[in-house]
Structure formats: structure tokens, C-alpha cells
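What follows is a pair of complexes built around chain A, which joins chain B in one and chain C in the other.
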Partner chain A sequence: MSTLTVGRAKKRGGLWVSQRRFILSVTIPMILYSGVGLFTIGWALVLAFFDYSPGRAGGPILGLGGSNPFVGLKHFANMIDGVSREATQFRISLRNTLIFALAVLPLNLAITLPLAALIESVDRRLKTAFRAIYFLPVITSSVGVAMMWGYLYDPQRGLFNAVIRLFGGTPVAWLSDPRAQFLGVSVAMWAVIGAYLWQDFGYNLVIFIAALQGIPQEFKDAALIDGANPRQVFRKITIPLLRPTLLFVCVMTMLSSFQVFDIIQVMTNGNPNNQTRVLVLDIYDNAFRYQRMGWAAAVSLVLVVIVMLVTIVQMRLLRTEWEY
Partner chain B sequence: MATIAAARARSRPAFDRLRCGLGHLMVYVLLIVGLSMTLMPFLWMILSSLKTATEILRVPPTFWPDNPTLANYLTILNDPKLPLLRFYGNSLFVAVTNVLITLFTSSLIGFLFAKYQFHGKRVLFGWFLLTMMIPGQMTMIPGYLILAKVGLLNSLWGLIVFSALDAFGIFLMRQFIESLPNELLDAARIDGASEWQLYWRIVLPQLGPPLATLGILTFMHNWNAYLWPMVVITKIERRTLPIILTWYNSQHSTQPNLTMAATVMIVMPILIVYFFFQRWVVRGFTMSGLKC
Partner chain C sequence: MKGNLVQGLLVVLLVLGLAACRGTQEPASTAENPQPAETPATAKAAEPVSLRLWTHQNNAFNAGYEALIQAFKATHPGVDITLETFDYDTYIQTLQTAMPAGEEADILQMFGTWTAEYAERLAPMPDSVMTVEQAQQLYYAAPIGGYIINGRLYGLPQEFNCEYGGVLVNKTMYEKAGLTYPPAWKTMDDVLADGKALTQRDEAGVMTVAGFDFNASDPASFSFLAGVLQLGGDYWNADRTGFTFNTPQAKQMLQWMVDAVSKWGVLDPVLFNDTTNWVGSAFFEGRVAIGYIGTWAIAEGKNNYPDFADEWDYFFLPSMRGDPVFVADSGWGLTVSPNSKHQDVAWEFVKFAAADVDNALQFNLTSGTIPAIPEVAASPKIAETMPWVAKALQILPYGRYLGAMPDRDLVIYDILYPHILNALQGVETVDDALQAIDDEANATFE
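Take a look at the complex of A and B:
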């Protein structure tokens, strides 16, 4: 009773003041902190228009100007038709990144969607077990994955070539033969795609399983009553209802494969002959190994723009007008 | 209900049922094939780590080790150039600190956005989510330059200062806190609790499940992080586990028995965590759209 009286004794105004003080004490540090974030983004944008290297002293503001001169759109012009080593490397990286992402997305969906439907159809306890095990690679550190797969691909002592020899085939130098190709894409690229798919598929799998569970049984039952067979139910009911999930999965898979780095850096470091060099690796090498940070910032700007475009296009293509 | 059962039955006459039985068998066969393909790289890693230095060099390789041995693990643990405990400590420090900070800021800011009305709330929310949605590769370069300016390169704090706010965490917490009844908060206010006390005493204790989910995801994300730690840390004794693993690999690239044993030691802790918290982890990933 006494506490209640104390509470009543406080004026309404008092309560409002203490709430406002609380709001301010949380929002002000938050705004300051995300202000640093905004400053960082702005700095990254500005760097893309300078020939900046951290080794040089440069001008008074953030080391820009002076020996780190403003170059305008020169970096971007270079990317399009420059002949310098970094320009050709950029174009190779861009092409490889596109190949990587365009190969990963359909392969991933071709594995995860049927697999999710299979897992969804088994007994509930088994389902949990299957899901848990299929998810293991996702939580494994990508450096660990790269180490494991690098050794699987080892030309002499790796498991894959051992199996090939067992069936009388010729061993393949998976990660180091610059001439080996399959479907016009280098074998080294397929090899890193394989490792990446293995690590990544469990993520989409659990999302599809969750989505399949979320589809109301009544819809399928109604179709069955109307005389549809199970396959028709899957094609005409399940797939259309999965569209929002499909959109989400496509966007997320694309985004993360455009940003692939760990597995490739550890397994091939862009070799052989830059055949597995991708954009983030290019950014990392330019910024932190060759100290060409202006150039690297310009490349990262290109990456960000591509990532945003892909997101927007896929949102448009796969948009649905209704919900259930 | 009867009609539904009838409809289901009608779609499977006797012939169909036989086909269905075979179909079921096929389902399990496919699932088990997939399962072995998922587990094979793990198995190959573990088996290789148990082989002796001579056996590992054999061409073609053996699958099962002839004389399984733990010698490789002992070699790694006794390597004076590789103070593993220190690296576990580094990784643990970064991961745990980031988890604590993320849990605190996410729940506090989530509480603010869920339960308070103030001017500019929506703008603030949108603006500051936007600043966090820019991919890390873009802010990596200025981030490095800032750390260089303030002297946090080669410091584990450099792996912490930029990750204090987490968009996914704030979303998650806001959603959860919105479902808490306002009456609960008002009752505590009438009893004289301050707004901070509401947060600590009323809201936080209700947040067990989302805190667990967010905590585990943040932990894994930091434990496995590679690119940013490699940028920030160059001194060997400050390195975290993934960077030390690639370093060790470059030193012993002709001895896969050792590198595979090292990989096991670095991959295993997270798999053990996963084993205990499997449900939370999977649920968290399903909700998030966040990838390690």
C-alpha cells in the first residue's frame, strides 16, 4: 500500500519527465554511435574518388589531397577500359563473382527445395535429427570448411582423386590446373563452388522446412477433396505459397555469394591464374596488401551497387500481391 | 474430417499404396545419401587427423587409419610456437564481449522502440537500420583507418568497437518486447520503479528465449569471423583461431595429419555448443537472414 501511495504522490508530469530522460539517455549515445557509422560510409564513398594510400602523408583532412590526389571518376573509367594490372584484375574478379553467384543460386535451390520436401515428409522425430545434421556445415567456421575441402581436393592424397583412381579415371589437380575446364568454367571455380554449396545449403534448407510447415494443411486437404493428386498439390499449392520464402532465399543466397571471401582466400587465394579471384578478395588484396585503398574503395562501391541492384531486381521479379 | 480422410484414401488405391511404400523407401535412401555426403568431409578430417606422419603420405591414401593415434594432437598441444590456450582465450574474449554488448544494446534499444513514443522515432529507426545494412566490405577500409588513428590496430578491442549495434538483434528484441503487456510496466511504475529499473527488473528477465537465440548467433558469428580479424590483427599473439589455423596450415602444408588435427581442434568447440543448443541455433537462423 505504501509504495502505491508513493507512486500516486508522483505527479503525472514527473512520470513523463523520467520517461523522457530515459529516452534521451538511450537515443543520444545511439545517434552518436550510428553517426560514426554514417561517417564511415561517407568516408568510403569519398575514398573512391581519390588515389589514396595510407603510406603517404597526404592533405590535412583525413589524409586526402596532396600526395593522395583527387582523381574524380578515373578509377571507374579505368575499371571499364583500363589496361593496368589492377583494372584487368578487377574485370576478371567481377566476371568470376557473377559466375560464382549465378552457379551457386540454381544449384543451391536444386538441392535444398527437393531435400526440404523430402525431410518434411518423414516422421517428426527423424525430421529433427535430419535437419540438425544437415545444418552442421553452416555453423562450421568457413576457414575450417576451406581446410577440410582443400584436403579433400588434394591431388595426391585427397579423397576425391582416390575415388577417381579406384574407378580407373585420371586424377584431377582440382585447385591448381589452370587449363582444366568444365562447361566453360574452370575446374578450380567449380571446386570452390562445391565447397561453398556444401557449407551453405543447410541454411536454405531449414528456411524451406520452416516455410513448408507453415503452409496450412487445410489448403492441401481442400485440393485433395477436389480430386487433385499429391504431385498437383505440390505444384499448384505448395510452390506458389512458397513464393515469399523463395524470394527471401534467392536474395539472401545471391547477396552472400556476391560477398564470398573466406573459402576462396584459404583454398585458392584467387589462383590458378586469377581463375577464382572474386571481388571481395580483390578489395582485400588492393586495400591491405598493395595499399591501394582509393582503388579498393571504388571496387567496394561497385560491389555495393551490384548487391543493391540484385536485391531490387529480385524483389520486383518475385513479388507476390497476396498473403495467406 | 471424414471427407478429408476419404479424399486422402481415394487418392491412393491399392496399386498407389504399393508405389507409395516404394516411394517412402526412396525418400529414406535419398535422405541417407545426402546425410553421408554432409558428414563425409567431417569424417575424412577426423580420420586424417588420427593417421601417423608416414601413413598420411601414402598414395593412394588409406581411408581408415591403420594405427589410429592421438600423437598429432599432442604435437600441436606441445608446440611451443603455438600457444593454443592463448588463441582460444583471444577468440573467447572477443566472442563473449561482443555477445554481452549485443545482448545489452539490442534489448535496451528494442525496449525503447517497442514501448516508448517519441518524436522522430520512425525516422530514427529507419535511418539507423540503413546505416547498418551497408555491406561490411565497404566500411572495412575506413574502419581500418579509424582503428589505426585511435591506436586499436592489433588490439582485440578493434574487433569489438564497431559491432555494438546489431540490426537483427534490435528487430528481434523489439518484436518480442512488443508482446509484453503494458499493464506490467504500468504496475511497476505505480510501484515507483524508474524506467531503468523497468528494463533491468521487468523486461530483461522476460527475454530468456530471444536473448539465448541472439547470444548463440552472435557468439558463432564472432568465433568464425575471418576477414575483419585478419585486417585488424597482425601480431601473432593477438590472433583469433581462424587466422591462426591458416597460419598453422601455411607452416605445415606438407603434413595434413597435423593441419587436420588443428582443424578438428578449432571446429569442434562450436560443434559442441551446437550439439547442446541445436534447437535455438536452428530457430535463430530461420528467423534471422543473418549468415555467419
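Take a look at the complex of A and C:
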């Protein structure tokens, strides 16, 4: 009380001292955080137009120029029709990233949505247990998940090949055979997608369960009274009312799929024959293995643009103009 | 209030700006502006000197550095050297961020190939410490080669990074297969014959033991390059401004590697490669009979697989033809930062650690590495502790420096090995693989 009195006594410029302190304590960290964020984004933007390597001293201003020359749009032109290793690997990585994201999203939804509806329909205590079990992989380290799935996929000692052997089948080199394909996509990519889905689907599952709980029971009851069967209720009532949640889940899943890195780096490191090489792995290798920071920054910029475009398209397709 | 906030903002931005511009400071001494140490270290003996030494994290190496630091401090009172280590990936990233900011340590452990890439940010060695000619007389050609950039010396090597020719051999498997041990290979066909006899498969036809595994990035790449030289070719053009990978000798060598897989069947390249059943681990797990890998894998294998019960030893392969000519990287060594305030003392430590025969011997014994100095390599202590080095003595003089590639890691790990692997796995023909290697490797000069 006394503190408040002292604060009030020092009112200046229309604000109490306590209010000024609060504004300063919030504003300065915000400025610092956004400053750091904007600086790094701006720095990446600048680097994309230079052939910059941290190993070279370069010019007098932030090492730009000199032995780290300005190259304009050369990086972007190379990405389109360059013959160098980095250009071909970029195009391969882009293709693989699109395959990965476009496969993960529908598979994730195909697993999580029905499963959420099933879990929502069971007893409350069981519901909690299922939710916890399915969410566990989400909070597990990606490196740990990748190593565990690497053991499962091991061509000689892995569980999957043991099962195949049991039924007299031919073992598969899941992560290392460049000739093995399924539906036109390498088996290694499907294997990585499987591991990624296992780790990731619990997140969307919990969101769908929460969304399902938020749908008013009256809507479903009304439909049932009108003669709809449970499947029709799910298709005609539940799914449409989940559209805002679907939008969120689709956007977030796409974003994380485009940024996949750790699980692939540990399981395959882009192999076999670059068939699991994705954009973020390509950025990492160029920036930190080969010190081509300029090229890596240009690829990052392309990734940002792609992610933004995909997000805008999704928001246009799935947006709703109503609430319940 | 508003004015105060704006002022505060300006101060913050000024501080950020100054911090960002820290990297633009001119180093005390650079490749273009060499400034040899002003005062001999001994003259400054009374002045306390504190130095930092950065290395990558490797227990055996770090033990060697700790011993060197203690020995140096004993003879240089007033000098304190702090060893700071980073795991391999973190070390690379730390160098990449610290060097532009001028915040790196005084003494930097560098891999020979990195030295060329970072030369602009390293101090050239003053002639008073050692001249290029003196260094070339003291060291083997391959390890010192990477530290000489445009005729100037930028550091000293501490090891001979020999990835060519050495194989781990499982004696237990040899005896079970009824083969002569120790192996008496005269030609590479003898090696393939042993490898074929040692290969094992399960009832489903899956290879469980690779008879002769040469399919990891370093062994495959360096044996390919050595093979090209031994067959009379070269992968450099005459003036060393470009690569010549698409030659008859390169084709002969790559075809030999493909035949080892497809005709001799000593290896399944899908199951045994750089990412699956890597040879350095697979050998000590009993899944490889003859494993092609550098000597550095011995200490690692002993450390990681203490329960491996099979008997084994390390041997060197015969050449493809004639002398065992091969190429090698310059291995780990020491360099000095141009931003160090005590470059003279730092150089003195580098010379103490890497050029003094007794200290170099001690370091090689502790770290388990092949000496970069012929005199050290011939030492009886080395022969007693690391008998494989004694076996290597016959080939080490044939080692040449790999050459100053624009981007060595890119050429070896991202171009050469992937296409060799593609050829072994049947994804590319030999001709296509060589053409792709030639095109992509030459594009690194652009």
C-alpha cells in the first residue's frame, strides 16, 4: 500500500512510476528480442546476395565484399538451372521436401482424426490414459526417436526384417537401398516418414480431442433426432465444425514438415543417393559443413517464401467466417 | 517519457551496432599484412602471459595436449595456457562465428585442409620460428603440404592423416576360414580372394559378414585416388587449375572397385557403406573380416568395443601397380590467431608441441596418431607401442599432399564418394559416375 502511495506521489507525464517501470520492463526485452530476430533475418537476407564464407576475411563492412563478393541474384539463378553440385542438390532437396510434406499431412490427418474421434468416445479415465500414451513420443527427443527407429529398420538385426523373415519374405534395406521404391517414392523416404509420423501424430491428436470436446452436443443430438446415423453425424456435423482446428493443424503440420531436419540427419543423413535429402539438411550442410553461408541463406529465403505461400493457400482454402 | 524511451532505444541500437561491427576490426597480422612477432618470448618472461588453446573433443588428443601444456608451463614460468575443447561439429561452428568476430583463442587446432580455407583469418608463421624450407625438411610431404598456402607457412602438423592402404584384419575369422595368417598379399587380387573366402551370408542370402569392406567415404575416396596415381594417371590437370577424373586410369580403378563387389562379391554396398554398418564399427562388431580404415580407428575401436573378443591386427595393402604412391590430407596441427596479443609465445608453444622431436613423439604416443615427422615415426617407442606405424613406414614416404582443392570436403564427401557409391550400388554406370565426378568437381573452381 505504501509502495503504491509512493508511486502515485511521483506521477509524471500522465503515468505513475510503477506504470513507467512496467512499460520499460516489457518494452526493452521486446525491442531486444525483436531486434535480434530482425537482425538475423536481415543478415540472412543480405547474405543471400553475397558469396559469403566465414573463413574469408572479406571487405571492411561486416566482412561483405572483397573475397566475399556481391553476386546479386546469381544464387537464385543457379537454383533454377545451375549444373553445380549444390544446385542439383537444392532441386533434389526441394522435391524431397515437397514429397515429405505432402505425404505427412494427409497421413497424419488420416491417423489422428479418426483416432481422436475414437478416443473421445471412450470412458473418461481411459481417454486420459490414451491421450498420455499417444502424446509421449511428442515429448521424446527426436534424436532418440531416430536412433530407435534406426534399430527397428536395421537390415540385419531390425524388428521389421525379423518379422519379414518369419513369414519367409526377403529382408529389405529400409534406409540404404537406393533402388527400393514404393509408389514412385524411395523406401528410405517412406521409412523416415513412418518414424516422423509416429513421433508427431500425438500433437495433432490432442488438439483434435480438445476440438471435439468443444463441439456442442446439441448439434449432434439434433442431427440424430432428424434421422442421421453416427457416420453421417461425423461427416456432416463434426468435420465441418472442425474446420478452424483443421486449418490450424494443417498449417502447423505443413510448417513442421517443411522444417524437418533432426530425425532425417540421424537416420539417413540424406541418403541413399540423396533420396531423403531435405531443404533444411541442405541448408545445414552448406552453411556449416561447406561454409557456403551465402548459398545457404539464399536457400533459406526460398524455403521461407515456399512456406509462406503454402500457408496462405491453406488459409484461403480452409478459412471459415462463422463461430459456434 | 517518450524522449527517454527513444534515447534508450538509440543506446541499445548503438550497442548492437558496435557489437556487430566487432568483426570488421583489422587483425594484427594477416596473410596480406604479415607482422612477425615483435619481441622474442624470452624477453617477456617476466610478464605473465595467458593463452587459450582450442581443440576438437577427443580424449586421446586432449590428454596429449594437457601433457604438452604442462611441459611448456614447466619451462616457461609466467605462461598459462588454458585448453578449451568442443565436440567436432560445435568446434567448426564455433570457429565460423568466433573468427569473423575476432574472438577466437590464441592457438587453434586446425585440420590441414581447413588451414587453406581459413588462411585469411590466420597468422602466417614468422620466419624466425620456422621457414617453409625448414618445415619441408622436418616433416613428411603430405602432412606439411596443407599448412603451406601461397608459399607461406600457417601452422605445423602433429600427425600424418593416412587414410590409404591400412586394413583391420580379423585373425579369428581367418583361422576359421582356414586361410593363411598373417596374410601374405602380393597383389590386390590376393586381397579379394581372401575377402571372398571370408564373406558370409544368412539363409535369406543377406550378407552378414563383409569379407573386404572398403566402402566408407575416406577409404573408398582415397583408395580410388591412390589407384589412379598407381596406374599412372593423375586427377589434377597439368597446372593444377582443374580436375581430370574422367581418364582411362580412373575408369580402370573404379571398374576394379565395381568388380570387387559384382564379380568377387566381397561386399554388399547397400548393407555396408558410410551410413549403414560403417566399417570402423562393423569390424569391432564382428561383421567385417578385412576392414579398410585409417589407423585412427584403432584407438576408437578399442575404446568403444572393449569386449570384442576376436583376435585382430592391422596391415597394409599392396599397391595396384608399382610403388605404393598415395595422397593424404594434412592431419591435425596447430595454428595461431592474428588477433592474439601474444603471438610470439603462441608460436613458441606451437613449435614446442609440433616440431620438438621428443614432444611430438609423446603427443603421437598419447593420441595414437601416425607421426608427421619421419624421425619420430622411426622411433623404437612408436614401433613398440603402435606396431602398425612401423608397418606403415614403408609406404609413408610415398605419400603426397592431396592438393589445394577449392573445397576439399565437398569434393571428397559430396562428390567423389557419393558417385563411387552409386557405381558400386549399380545406380550409375562407371562412365556416368566418372563424368559426373569430373563435371561437379570442376564446378567447385567457379
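Some points to look at:
The definition used in the following text is that the second predicted complex is superposed on the first by the 300 of 324 C-alpha atoms of A that agree within 3 Å, B and C clash if a C-alpha of one lies under 4 Å from a C-alpha of the other, contacts with A are read in each partner's own complex, and residues count from 1 in each chain.
The rule is simple: a contact is a pair of C-beta atoms (placed from the backbone, for glycine too) under 8 Å apart; a residue touches a chain by one contact, two chains touch by 3 or more.
Computed from a predicted structure; not experimentally measured.
Superposition model on chain A: chain B and chain C are shown in a clashing arrangement.
Of the two partner chains placed around the shared chain by superposition, chain C is the only one that A:291 touches, whereas chain B remains out of contact. In the superposed model, A:57 makes contact with chain C only, not with chain B. When the two complexes are overlaid on their common chain A, residue A:165 makes contact with chain B and with chain C alike.
When the two structures are aligned on the shared chain, A:65 is found in touch with neither chain B nor chain C.
With both structures placed on the common chain, the touch criterion links A:30 to chain B but leaves chain C unconnected. For chain A, the partner touching the most residues, choosing from chain B and chain C, is B. Of the two partner chains placed by the overlay, only chain B lies in contact with A:115; chain C stays clear of it. Of the two partner chains, neither chain B nor chain C is touched by A:244.
By the touch criterion defined above, A:83 reaches chain C but does not reach chain B. In the overlay built on the shared chain, the residue A:178 is in contact with chain C alone; chain B does not reach it.
Within the three-chain superposition, the chain C stretch that clashes with chain B turns out to be 96-104, the only such case among 24-32, 96-104, 330-338 or 438-446. Residues 15, 20, 27, 31, 39, 54, 62, 156, 165, 288, 293 of chain A are contacted both by chain B in one complex and by chain C in the other.
The touching residues of chain A, when paired with chain B in their complex, are 3-4, 6-8, 10, 15, 18-23, 26-27, 30-31, 33-34, 36-41, 43-44, 47, 54, 62, 115, 118-119, 121-122, 130-145, 147-149, 151-152, 154, 156-159, 161-162, 165-166, 198, 202-203, 206-207, 210, 221, 224-225, 227-230, 248, 252, 256, 259, 261-262, 265-266, 280, 283-284, 287-288, 293, 296-297, 300-301, 303-304, 307. Listed in rising order, the residues of chain A touching chain C in the complex are 12-13, 15, 20, 24, 27-28, 31-32, 35, 39, 53-57, 60-63, 67, 83-85, 88-89, 155-156, 165, 170-171, 173, 175-179, 268-269, 271-274, 285, 288-291, 293.
On chain B, the positions that touch chain A within their shared complex are 3-4, 7-8, 11, 27-28, 30-31, 34-35, 37-42, 44-45, 48, 56-61, 63, 108-109, 112, 116, 118, 124, 127-128, 131-132, 134-135, 137-146, 148, 164-165, 189-192, 194-196, 220, 223-224, 226-227, 231, 241-243, 245-246, 249, 256, 259-260, 263, 266-267, 270-271, 274, 278, 281-282, 285-286, 289, 291-292.
Listing the residues of chain C that touch chain A in their complex gives 1, 5, 8-9, 12-13, 16, 20-21, 23-24, 27, 30, 89, 92-93, 95-97, 99-100, 114, 117-118, 120-121, 204-206, 208, 270-271, 273-277, 287, 407, 409-410, 413-415, 418, 421-422, 425-427, 439-440, 443-444, 446.
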